[in-house]
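Below are two complexes that have chain A in common, paired first with chain B and then with chain C.
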Partner chain A sequence: MTETTTKTTTKTSSLDRLAIPLIIVGALLTTTAFVLAFTLAPLVMGAEVDTPALIGGKMVANKLLLSQKIFYFHMPVAVTSFVALLFTAIYGVLFLAKRERRYDLNAKVATEVALVFILMTMVSGELWTRYEWGVWWVWEPRLTTYFILMLLIIGYFILRGAIDDAERRATYASVFGIIAFIDVPICFLITRMVPSSVHPVIFRTDSGLPPPMLIPLLIALFGMFCIAFGLYRTRLREQRLRERLTALKESLED
Partner chain B sequence: MAANPSQATRAEAPSTGRPSTLAQYRTLLAKDLRQEFRTREMLTSMGIYALLVLVVFGAALAQSARGFDILQVSGGLIWALIVFTSLLGLNRSFSHEKEEGSLEGILLVPLDRSVIFLSKATSNLLFLAVVEIITLPLFYFFFLTGETPSSTFWMTVGPLAVGTIGITGIGTLLATITMNTRGKDVLLAVLFIPLTYPLLYACTAATTVAVLGGDIGGAYVPALALAAGYDVVMLLVSWLLYDYVVSA
Partner chain C sequence: MDPILAEIYSTVMTAAPFVIGAYALMWLVLLVYLLMTALGLKRTEKQIAALEESLAQKR
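For the complex of A and B:
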């Protein structure tokens, strides 16, 4: 028992040492990507609407000029939140299969990271909506499904907070994490099912983006992944240390 | 529907004189129905609540202008009514089981846990369906008698059936989760409404098309297919995960 615990702590510490450098690398990469977005990427290409469309009572034509630059932040952050939620679901399945507490902790921390990125996506999207459409909110399919996703993740934490028994909390949270993940593919695919005029389909084989736009986007995406993973490892380490501290405190009291 | 796979695995197991899965399912369902028949607790509370929601709708719409077309919003109102009423019923559906410790008794029986899910979901479905059969004519009576809905009005049955099945399936799983938590009534709503949103959206779309008589092939059928697909995914996942939830 003691052997396995020491083993896990040494194994995690090597990954944990990477956490802070990864956050820094991610910050540098995303900054580079945003600079490139203004220098390398052309003004408006891939994100055009096919025909002028009426959204929120306003005509939106092919003039998504400078404000389109938020795309290089908005889209990588959103994709990162999806990936983090994928890990929530995977760790949920692992917990239900193996009944080990650490998977529940992993799932919880992954969901926390996901919530941070979901909030960043919502804020950046809102800024764009307000600037470009002159309204704060529109019940547009992608916006709505993503908003629902945010509510589900907030519900996940409310659920965790409402259960005292650790084993039961872990089980219920795992189950809910798996069910909530069903909304992710819906949100991802909704622009393919219900054509949305502002969210272009990025992932496709006939390449929607020319290289000068694709390069900053991919750098930003990779940078966001680095930041998310760094945050995840840091938070996981903090949680583990906290658990050890409580265990130590309890043993000292005895 | 989803009973077939479990039935198949049961049939392969060596016969030990245990009742079949179908018999277990029937017994559990009969228990819920008998209890309801004796107390009439669920149906009265859900029915009265639905009536009160209609009264609230009446107050909310009382000041609308004379030319206001209620047909445009009636699909949405019907689904708001169903969601709120089902929340009340789902919250209650496990209260007896919990208070009188009967769930522990059921869990002691060597039976497939998904049978519990199916029987509970079926009883919830039946109760909600009965309440809908009573309240939707009342909705028509209160709000739509002065209007002329399209000839496709009968097609609202489709989204109503698909939506009710999905709501009770997801709701039964979530009610089992929230049964053991603090502030369970609020928590059920917090988890249930976002999770059923896609279903709600698709069903409202299909209902509205049916009421207004829009493009059946281009709008009604895709919306209904979307709702049915969501039903299938959600019911399968709930059915698979129910074992973990009810045993925790």
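For the complex of A and C:
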């Protein structure tokens, strides 16, 4: 590993200074999305009812589903986890190419953020599944591939914890991170390859959603991106400071 | 309540705890991670400041 990369710094970069404002912007955006999801976005139609009724000037012939409201955050957090894992793979490739330790640290923190968003996706999805189907788990294609992704990410941290040598740990983790990322496009495209009634195809030329539903979804998505990036920079700064602390302790011992 | 409207809105109240639970748990996961990071950062900054001070005194 190069000498320059083992040195750490306590200096705050411009991106680090952006972290807290980004988290605040993200919190505001997601709160707006939350309000719009329950006000602007209409309730979706469920099973047909025997007799239609006039509600708000419209004939309604189906049961109205509140459980679908989970979707306005469930899908943005899932997409954010994919983006975070893209960074894991990019930093993994950069580490393998340049052997600079900072890339390994970046990959580790990106994977950590990805795991947080994976957990958020899983808990929200589980509650929807439990209500709609009365079960906690179904081996549906998207659920299965996403579950595998979660296991791979947990495996990534187990691998990191199992290797003491920093160079070997960084190399193995980089390779593992890149391999784990292969599941992301599979997971994303699985609803196109194996059509599922549970997970609709959202990203297509006409978006598949009317504007009152698309607006809160996109606001939540950008809000989650802001929060994820803010969290990533804050955690990265903490990890760099920890390295600095270790270096200082070593100097004191000397 | 009108029986037709009651049928149309029949799933709303039963789904509410699951919707509230989903949003609450998502925010909880995020908040726990944010708090862990923020507290870790504060603690590390304090330790570094103390160590840098003692290093400066030694020199």
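Going forward, the second predicted complex is superposed on the first by the 222 of 254 C-alpha atoms of A that agree within 3 Å, B and C clash if a C-alpha of one lies under 4 Å from a C-alpha of the other, contacts with A are read in each partner's own complex, and residues count from 1 in each chain.
Just so we're on the same page, contacts are C-beta pairs under 8 Å (C-beta built on N, C-alpha and C of every residue); 3 or more make two chains touch, one makes a residue touch a chain.
Just so we're clear, the structure is a prediction, and the values are computed from it rather than from any experiment.
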For A:Ile148, using the defined touch cut-off, is the partner it touches chain B, chain C, both, or neither? Pick first, second, both or neither. first
More chain A residues touched by chain B or by chain C? C
Would you sort A:Ser251 into first (chain B), second (chain C), both or neither based on which partner it touches? second
Touching A:Leu241 in the superposition: chain B (first), chain C (second), both, neither? second
First (chain B), second (chain C), both or neither: which does A:Leu15 touch? neither
Mind listing the chain C positions that touch chain A in their complex? 2, 4-5, 7-12, 14-16, 18-19, 21-23, 25-26, 29-30, 33-34, 37-38, 40-41, 44-45, 47-48, 51-52, 54-55, 58
Mind listing the chain A positions that touch chain C in their complex? 10, 23, 34, 43, 46, 49-53, 55, 60, 62-67, 69-70, 73-74, 77, 116, 119-120, 123-124, 127-128, 130-131, 227, 231, 234-235, 237-238, 241-242, 244-245, 248-249, 251-252
Write out the stretch or stretches of chain A touching chain B in their complex. 96, 144-145, 148, 151-152, 154-155, 158-159, 162-164, 167-168, 171-172, 174-176, 178-180, 182-183, 186, 193
Under the touch definition given earlier, write down the residues of chain B that touch chain A in their complex. 170, 173, 177-178, 180-184, 187, 190-191, 193-195, 197-198, 201, 226, 233-234, 237-238, 241, 244-245, 248
